[in-house]
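Two complexes, one shared chain (chain A), two partners (chain B, chain C).
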Partner chain A sequence: MSASLEKVTQTLKEVIDAPIASYFESCVHCGLCAEACLFYTETGDPKYTPIHKVEPLRRVYEQEYTLLGRLKKMVGLSRPITDEELDQWQELVYDSCTLCGRCSLICPVGNDITYMIRKFREGMAVSGHVPDGIRGATQRTVEIGGPMGLKWPAVANVLKKAEESTGLTIPVDQAGADYLVLLSSMEIVNYPEYIEALAKIFHKAGISFTLASDAFEATNAGIQIGASDIARVIVSRIVDAAERLKVKYVLSPECGHAYTAIRWEGPNLIGRPYQFEVVHVLEFLDGLRQKGALKMKDKFAEPLILHDPCQIVRRGGVLQAPEALIREVAENYIPVADQQKWNWCCGGGGGASAIHTDEAEALRAKAFGVKKRQIEAAGVKTMVTFCANCRIVMEEAIDHYEMDTKLLGLTELLAEHLED
Partner chain B sequence: MPGPLIESLARQGITRRTFLKYCATLASMMALPPSAGRAMAEAMAAARRPSVIWLPFQECTGCTESITRSHSPTIEGMIFDMISLDYQETLMAAAGHQAEAARLDAMQDNAGKYLLIVDGSVPLGLDGAYSCIGGRSNVEMLKEAAQGAAAIVAVGTCAAFGGIPKANPNPTGAVPVSDIVKDRPIVNIPGCPPIPVVMTGVLAHYLTFGSLPELDDKGRPKAFFGETIHDRCYRRPFYDRGKFAKTFDDEGARNGWCLFELGCKGPVTHNACATAKWNGGTSWPVESGHGCLGCSEPDFWDAGGFYKALSVPADPLRIAGVAAAAGAAVGVGLSFANRAKKGAAKKAHQPVTLADLEKS
Partner chain C sequence: MNELQFLTWVRGPGLDLAVGLFLLGMAWRLFEIYSLGRKQDLAAPRHAAGASGLHTVFRRSMPPPGMLKRSPVSYLGGYIFHIGLVVVVFGFAPHILLIRNLTGLSWPGLPSQFVDLAAVVTMAAMVVVLVDRINKPVKRFLSTFEDWFTWMVTFLPVLTGWMAVQHLLLPYTTMLALHILSVEVLLVVLPFTKLLHVFTLFGSRWFNGKANAHKGVPV
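Up next is the complex of A and B:
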């Protein structure tokens, strides 16, 4: 066994816990998860069946932790995993899985397949069986500060521009503020309107907030690649800054995986509860709405549909807020089938959007088919979402199919129609 | 689907639809394909009316009662309209020499084609003198009638297995039909008495397909005797959870718990009571609060007392206990081994660095 393969088995042995053991034992091979996965429904290729994506993990479980598996391994009925196999599986574990969680939701025996893939990625990561794109993003996050290689001066520049265009001050490193606002690089580079919108809303509501110059990036490529040790380093930056500035809340940006990282994975990574609370920006806005502090001056008139990002809604549990907010601002909101927790993924979550090989991009475009049909069936020209990554992935696909669809961010849409 | 049977059923207030439904139920109870229900209905409605001779031996007429009077008028009773019942002591109008003449005529006219139904066991003691009809012993009559029969149906536990007459010390030397007749197909429909629908099912099968249904090793139709009472008992969940009634008047009995410890023979008894039920589907022994006596099994009368818990499963249960303990021990052992393995893997954990993400 090669040294890297030894590392893989060692890591997989370590990540296989009681939930994973019970998931493998309770799988009834019904295949329902295939129908839940957009990579299967859009390609029809059975290799994209979610539970099949963790087949090497299952073999390690069987060979290491079950009596029958040990016997099978001894007499050669069960092959140990090989490097070639992992090479082959890299596509299934990264390119064609966005950790969207639809398979976990549909599984009749309650197996969290997404959790298994997330754990399997740990083994893939230690042996370097990872796509270059995600590896690069992880390196940049650790060495520079963000997946896109942004440094604080660039962020400060964007904040300055936002201050100029809104006429409001955006505090930085202010201890004792209520909220520590996190951003995702995607928003800083592609959608700076988000920052302006947030500044307007905070000032209007009279709630104090701050940014931290050493912890502005909310995304966590360590989680996407599947390296918990690296993910811990990244999430600790935020925890340290938030606890140093003694904020009550940390505000997760719209970005879905950022929310998963800071809200759900973070405390497990650092091994203790936070001294602050993590709130998603939509939860924050919905709180304001319920208090009557979010008044609209007018409404968006054109018909539109909503794209629910998986990590915020299905995986994240922010279920009711998005629809309540969109109804506040949209005159003509059209609910679609497979909404809320049953939504279909944009096709580029879980790090997939960072993979820029031709095959991965072609697969993403194909997987967008389900979204495309949703847009066409609703007959709308506008789709609203609240995740910068979903937005960029879908914008690329809309360009690819030359569709006449406009994408909007929910927070900006709200800010635009907010009462002055 | 016209025919004399449909007309006669109609006269008794049974519609064609009811009859079709009944045939479909029969077919499904016998695990036959859905099309068989229709085939049965058509075959039974057609006026073939095979000759049937019914011989009663050492019996109590309970089996006849079960079929004719259990819940009158039952559709089971209508079976007599589908066959030409040429001899049945209890039911026939004729008596004495006239009756015996009818039997002989039927045997002669339908030689090799008639169906022979027997209820009651056959005594062999004192040259069969314990039970005679018209001066002739049962064994003699059986041998004679069996010769020209297409098949024999042994109705009730006495005819099938000897039953109560054969119970220890068996003063009359009673034996079942199968001990005497060896060269004719025999179907055993045991039960004290047997369930009416089982009887009808076998006859319907014979009329429809011209053959007997599939039998188990004791000659019983598998469709009705394939599973034990225990397997299909509605109190089975209590057995599985170890909840037993200890007396007929304790809290367990009132809560409908398992009657195993009160001597229920359900686990070793093959019959359809739990599913077919009795008296038009009203209830059955266990539902009325009494354990199964095991009446459809051979020698049920001598099985060690109706209220004595089964001794048979006692040993297997102990073995099962030991096996469960051993299994648990192996399981605990494995889990410790697995824990140790996972612990070792955790201990050997080297922090993952950026360098690890590169392929070596």
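Up next is the complex of A and C:
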């Protein structure tokens, strides 16, 4: 066995726990998880069946942890995992899995397949079986601060522009503020309006907030790649800043993976609960709405549908706030058939959107078919979402299909229609 | 060994052996799986109505929205043969008698004509899901020797039991002995194959339900 394979086996042995063992033992090969996965439904290729994506992990489980498997291994009847095989599985674990979590809701025996894939990625990551795009994004986050290679001076510049256009101050490194606001690089670069919108809302509600110059990036490529040590470094940056500034809350941006990383994975990565609460920006806004502090001057008139980002809604638990908020601001909101926790993924979550090979891009475009049908069935020209990554992925697909669909961010949309 | 000796063996030492292996196997497998433990979730939980391990144990018995239409044979065939097996195994009077002899537990049996019908329907449904496994690309792709083997091991007890009752093909004594033998094979095989899902699915649903309930998502 090569040194890297030994490392994979060791890592996989470590990640296998009672749930994973129970899931493997329960699988009856019914294949229903395929029907939940957009990479299968849009391609019809059985290799995209979610449970098949963790087949090497299953073999490690069988060979290392079961009586029969160990016996088979002893007499040379079992097939050990190989480097070539893991190479082949890279496409299944990264390109064609967005960790969207839909299969985990469908499996009749109750298997949380997404959890298994997330754990399998840890073994893939230690052995270097990771797409270059994701590897690059992770490296940049660790070395520079963000997946897009954005440094603080550039962020400060964006903040300055936001201050100029809103006429409001945006505090930085201010100890004792209520909220520490996190951003995702994609928002800073592509949707600076988000920052302006937030500044307006905070000022109007009279709640104090701050940004931290050493912890502005909320996304965590370490989690996407499946490397816990890197994920820990990235999340610690935020925890240190929040506890140093003694904030009560950390405000997660719209971005889906950022939210999962800081809200759900963070405490487990650092090995202790936080001394602050993590709030998603939509929960924050819905809280204001419920208190009557989020008044609209007018409503968005054109018919629209909502795209629920997987990591915020199905995997993140922000279930009710998005629809309540969209109803507040949209005149003609049309609910889609599979909404809220049943939503279909944009096709580029879980790090997939960072993979820029021709095959991965073609697959993403194909996987968008399900969203395309939703848009066409509703007959709308506007889709609202609340994840910068979903938005970019879907904008690329909309361009690809030359569709006449406009994408809007929910927070910005609210800000635009907010009472002055 | 004549047919009577065969019957005596499967009813006596054979049954003891099979039940013993089944119990030992089950204890070993469940220990093997659940002793692996799991880490505590340190993130502050979010509470939501209908989200818990127990909710998911029950909820997963129903098809999720839209799924019945997407895969009707899996769901309908699956329901019919699972319910059919329960009816045949636990509703047939001679089975209840055997269980009473082994454990002391007893309950009223179902009319034998009804159990007969249930056996036929169960076999028909099992054949349909087998054909579906052969026909559907995903199911065929996932299938290994174990899938065909466990199907056979589950089907044979129903078939031989029904044939014994109907006095088909072989003398009753021989068919009954074959029936008991096929059940013994099923018992021995169950802990070491996917048939174990009969027990582990409760654990799986509970783990999944609990992990997601922690985030406030009823799954």
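FYI, the second predicted complex is superposed on the first by the 420 of 420 C-alpha atoms of A that agree within 3 Å, B and C clash if a C-alpha of one lies under 4 Å from a C-alpha of the other, contacts with A are read in each partner's own complex, and residues count from 1 in each chain.
The criterion applied here is as follows: a contact is a pair of C-beta atoms (placed from the backbone, for glycine too) under 8 Å apart; a residue touches a chain by one contact, two chains touch by 3 or more.
What you see is a predicted model, and the numbers here were worked out from it, not measured in a lab.
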{"item": "Partners on chain A (chain B, chain C) - clash or fit", "value": "clash"}
{"item": "Contacts of A:S4 with chain B and chain C, given as first, second, both or neither", "value": "first"}
{"item": "Partner chain in contact with A:I16 - chain B first, chain C second, else both or neither", "value": "both"}
{"item": "First, second, both or neither for A:I230, with chain B first and chain C second", "value": "first"}
{"item": "Which superposed partner A:E64 touches (first chain B, second chain C, both, neither)", "value": "first"}
{"item": "Which of chain B and chain C A:R135 touches, first, second, both or neither", "value": "first"}
{"item": "Chain B versus chain C as contact partner of A:T49, first or second or both or neither", "value": "second"}
{"item": "In the superposition, chain B vs chain C on chain A residues touched", "value": "C"}
{"item": "Touching partner for A:V126 - first (chain B), second (chain C), both, neither", "value": "first"}
{"item": "Overlap of the chain B and chain C footprints on chain A, listed as residue numbers", "value": "16-17, 65, 67"}
{"item": "Interface residues, chain C side, partner chain A - complex", "value": "28-29, 32-39, 41-44, 46, 48, 56-57, 60-61, 63-67, 70-71, 74, 78, 136-144, 147, 192, 194, 196-197, 200-201, 203-209, 211-212, 215-219"}
{"item": "Touch list for chain B against partner chain A, complex", "value": "330, 334, 338, 341-342, 345-346, 348-349, 351-354, 356-360"}
{"item": "In the complex, chain A residues that touch chain B", "value": "3-4, 7, 10-11, 13-14, 16-17, 64-65, 67, 125-130, 135, 138-139, 142-143, 225, 227-230"}
{"item": "Touching residues on chain A, where the partner in the complex is chain C", "value": "16-23, 25-32, 34-35, 40, 44, 46-47, 49, 51-52, 65-68, 104-112, 115, 263-268, 271-274, 277-278, 314-317, 319, 337-338, 341-342"}
